[in-house]
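What follows is a short report on a single structure.
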Amino acid sequence: MKKFINKVDDVLVESLSGFALAHSDLVSLNLDPNFITRKQKATNKVAIISGGGSGHEPLHAGYIGYGMLDAACPGHVFTSPTPDQMLAAAEAVHAEKGILFIIKNYAGDVMNFEMAAEILPFESATVLTSDDCAVVNSTYTTGRRGVAGTVIVEKCVGSLAETGADLQACKTLGDKVNQRTSSIGVALTSCTVPAAGRPTFDISENELEMGVGIHGEPGRRRETMREADAIVQDMVQAILEDFAAKNLATPNTEALLLVNGLGATPLMELYLIYNAAARLFSEHGIKITRSLVGNYTTALDMAGTSLTLCLLDDEIKQHWDSPVHAAALRWGM
Amino acid sequence: MKKFINKVDDVLVESLSGFALAHSDLVSLNLDPNFITRKQKATNKVAIISGGGSGHEPLHAGYIGYGMLDAACPGHVFTSPTPDQMLAAAEAVHAEKGILFIIKNYAGDVMNFEMAAEILPFESATVLTSDDCAVVNSTYTTGRRGVAGTVIVEKCVGSLAETGADLQACKTLGDKVNQRTSSIGVALTSCTVPAAGRPTFDISENELEMGVGIHGEPGRRRETMREADAIVQDMVQAILEDFAAKNLATPNTEALLLVNGLGATPLMELYLIYNAAARLFSEHGIKITRSLVGNYTTALDMAGTSLTLCLLDDEIKQHWDSPVHAAALRWGM
Amino acid sequence: MNSSFIVTATTAIQNTILQHESELESLDRAIGDGDHYINMKRGAQTIVEMQQELATLAPDVALNKIGMKLLSTIGGASGPLLASFFMGMAKIIKEKGDTSTATYASAFSAGVDTIRQRGKADIGEKTMLDVLIPVATQFTAMAAQNASPKEISTALKKTAEQGMLSTKDLIATKGRAAGLGERAIGHIDPGAKSCQLMIEAVCNLIE
Amino acid sequence: MNSSFIVTATTAIQNTILQHESELESLDRAIGDGDHYINMKRGAQTIVEMQQELATLAPDVALNKIGMKLLSTIGGASGPLLASFFMGMAKIIKEKGDTSTATYASAFSAGVDTIRQRGKADIGEKTMLDVLIPVATQFTAMAAQNASPKEISTALKKTAEQGMLSTKDLIATKGRAAGLGERAIGHIDPGAKSCQLMIEAVCNLIE
């Protein structure tokens, strides 16, 4: 393992400190329990809190700021944060209209946030993101993971919350965006958790993992490495089938296409993937009118990518386009 | 070599096409000769054109847009673009006040742009960036490379050009920013040029290359891998010595710190590096008041980082802070 | 069970976790995200650091404290589940107020039930419950039959082992491995393994 | 030299470049950025594709066309330098208008001078000029002494080889290797190597 780190146990705190320092105009960091909030506490709005294991940067702390999150609770690398973090964060950002938790659907995250919510002295609601369509033949929503689509949910719900909308309205929009969003990832290499010191999985020079999770969880299948177009074709197919299974018609719809890097994939390749994916989706009658290409939900140092398609409607479009000012997403201000 | 590509010869055009498609609100792409311009041609201003070998994305095309570049000429991977590209780009974006070329100081780039400038039917000037202080004991400026500091030069000059400043003023500011900027890079792994199909250099699991170039050129020395703090300490030292050699006093100055990822380094590590670097610089009396952390000038899939320090003055600060709207840098609008 | 037993048990648990580092790591690497060992190590470490304080507390208070501490230390899926176990157990011991084997058996069962509720899972889903549920059932039955501590511990170790091994051939329907379908087959569930190890370590103290 | 010789030479040059792929690649990987072979291959390929057209042109026009095409095809440092060479050469051939060996020698020298001006470099800086300058000097001298084409080509191959080898012990002061200081010692300059190969290939046609 070759990483820019000092002691393995200090990675998280040192990285969080660097983040807070680099963005001291935007955020404040609290250590022990660890949580990050907006520098300027918002007032009279639903407070949006997200969180999860670390190692997916810029998720979630990079999305704290006007128009998006109020706070984020970073766990250890790939490990859900704990209820005390969520309670302290909620205490810090609560602004009279309740707390909305946006949680990626993993058993650990769900249970920890649930336990926090149960003892929270404020009204709260939860949006569970579950956009990863890698997992097929499973009737258990527990098996469906939240991945890069979470960024779109956080952006849209964050936008709505700024308007003063109430908790239920924020939750409803979040659930809708999640429902209309589907993702799939592919890995060329494993990631290496600092504390583990070696790659999470072995993968040879001519293999890829189709449907990989953002923690290096195995996906649909191990496949032979092939041309980008062929890989992207399968990913697009998986997403289209997922929308069909959800009974969401895709032809003649507008969509947002997010081509996400998992950490070690060069932007040059991400744009090449975007080129292939956008063409394939449009061949299926989908009009890509919004795009995002870059490292938005990573898996440490994994070489890989994920595609996320979000079917737009006027409401989602409006909230996607509205101003945002976070460390990792900024426009309109 | 495991990359998301199709035919090696098509990588560049497919990637450029994806970029242009994903940012079709911002840029237009011309193929053969290859160049990218702003979607909305600017009027009555100095046109800022940059370019260089591809593989450093988002440099340069990602910086096209209001407040920064007017056009970029991408060469083959790690290979300077050719004069026909520059001439065509200049023709497309010239806006009555001449052309300013911003060029990273490599023999190939310098000569190709020079040949273009010689036959250009417009007035032109050139800013050569040479912020890489890795190369010591060299009295030849030819040996001093332009690296991530180029982003800062492009941002500031781009800002000034929007005000209607003339060619000479733009060049003067560019030269000043370059002079006040110093960078150094370090690699943990090599990059792999797609057409070469294998890593540019060999480096073992316990080594690092101190002072690496953004094309994988060897740096100051091969060293034993060690803790991030120790690596950053040496990088900071090199930068401080460079400013001393340039007779630029650093104590009690304000500065911009750019922690740049070379392509495969996770954001988590970049923030950890930022934390260490910011602390060390401030111990030397430098006040870091502006920051940028992320992949801004990459070397394909290299795991590594570079530090860039730019000594601010009121003029540079003003132009750094001014609105910019490019694919890879956006604020204030 | 008194507090000094709890203290001894925390050391035994830490030891067995540390001794099985590579096994626990490989299991979670194969069908999870590779952090289960790290999570368990972190949890055990924190509890061992509390030993001085734990020794001064009543058993139910100590167990509850352990649960609270695990909750804010482990994270992941195993954190709230193990925390639930200790808090569920503490509640029964406090209620019953005695130190009979039957009380411990019903406390253990209550702990397992709390996990079940928290995780909305049951036996056969390839989780730690495949170890814990059979052990709880047998513990309760043997306590009712007035079996000796020694007999009980010998039997529970075996049951735990069987439960752990049973996860090997299961498809996971809860937890991180739930996405794997057929690919999970052939791998033992990491949480099941660590629970089996902890049960074994504690049973070994009762000889 | 007529245009059919030029056409033959382009094929010979392409062949030698392709045959030395791994050597050229390793050299630029060691002290450059690893693309010199790719650049040269791309250049040679494009020129070979122009053969039909080149065959119909006067030598000076053909050489100038080659220069222009290389300029817009190769890029990097070698692109404008090699382009300058052909354009500089074309100019003299056009001016002199004859096909004497002396004219070719002075055209070659003019080509090398154009490289020198473009690259602001000279002999001893660990570049292609360490091959080209000695070859130009000798070519001119031998042409003045009315040496036979065969004698000249044999001598130039040897000089090119010596020049190429001489770069091994030099510190680079121009080009991408200029940053390496002592670390460049022990490595042959890739541009010197490809120039030596091209000179050898063309000389081999003159027997």
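Labels A, B, C and D are assigned to the chains in the order they are written; within every chain, residues are numbered from 1.
In this section, a residue touches a chain if its C-beta (ideal position, glycine included) is under 8 Å from a C-beta of that chain, and two chains touch if they have at least 3 such contacts.
As the structure is a computational prediction, the values presented were derived from the model and not from experiment.
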{"item": "Third chains touching both subunit B and subunit A", "value": "none"}
{"item": "Steps in the shortest chain-to-chain touch route ending at subunit C and beginning at subunit B", "value": "2"}
{"item": "Chain located farthest away, centre of subunit C as origin (C-alpha)", "value": "D"}
{"item": "Approximate Å spacing (C-alpha centroids) for the pair subunit A, subunit D", "value": "54"}
{"item": "Subunit C-subunit D separation of Cα centroids, rounded to whole Å", "value": "75"}
{"item": "Distance between chain centroids, defined by C-alpha means - subunit B, subunit D (Å)", "value": "32"}
{"item": "Graph class of chain-chain contacts, one of line, ring, star, complete, other", "value": "line"}
{"item": "Contacting chain pairs - touch in the sense defined above", "value": "A-B, A-C, B-D"}
{"item": "Interfacial residue positions of subunit A with respect to subunit C in the complex", "value": "33, 53, 75-84, 106-108, 111-112, 114-115, 132, 134-138, 140, 142-145, 193, 195-196, 200-201, 213, 215-219, 221"}
{"item": "Residues of subunit A touching subunit B in the complex", "value": "2-7, 11, 14-19, 21-23, 54-55, 57-58, 62, 188-189, 205-206, 208, 225, 227-229, 231, 259, 263-276, 278, 291, 293, 295, 298, 300-301, 303, 305, 330-333"}
{"item": "Subunit D - residues contacting subunit B, complex", "value": "25, 29, 31-35, 38-39, 42, 71-81, 118-119, 173-181, 183"}
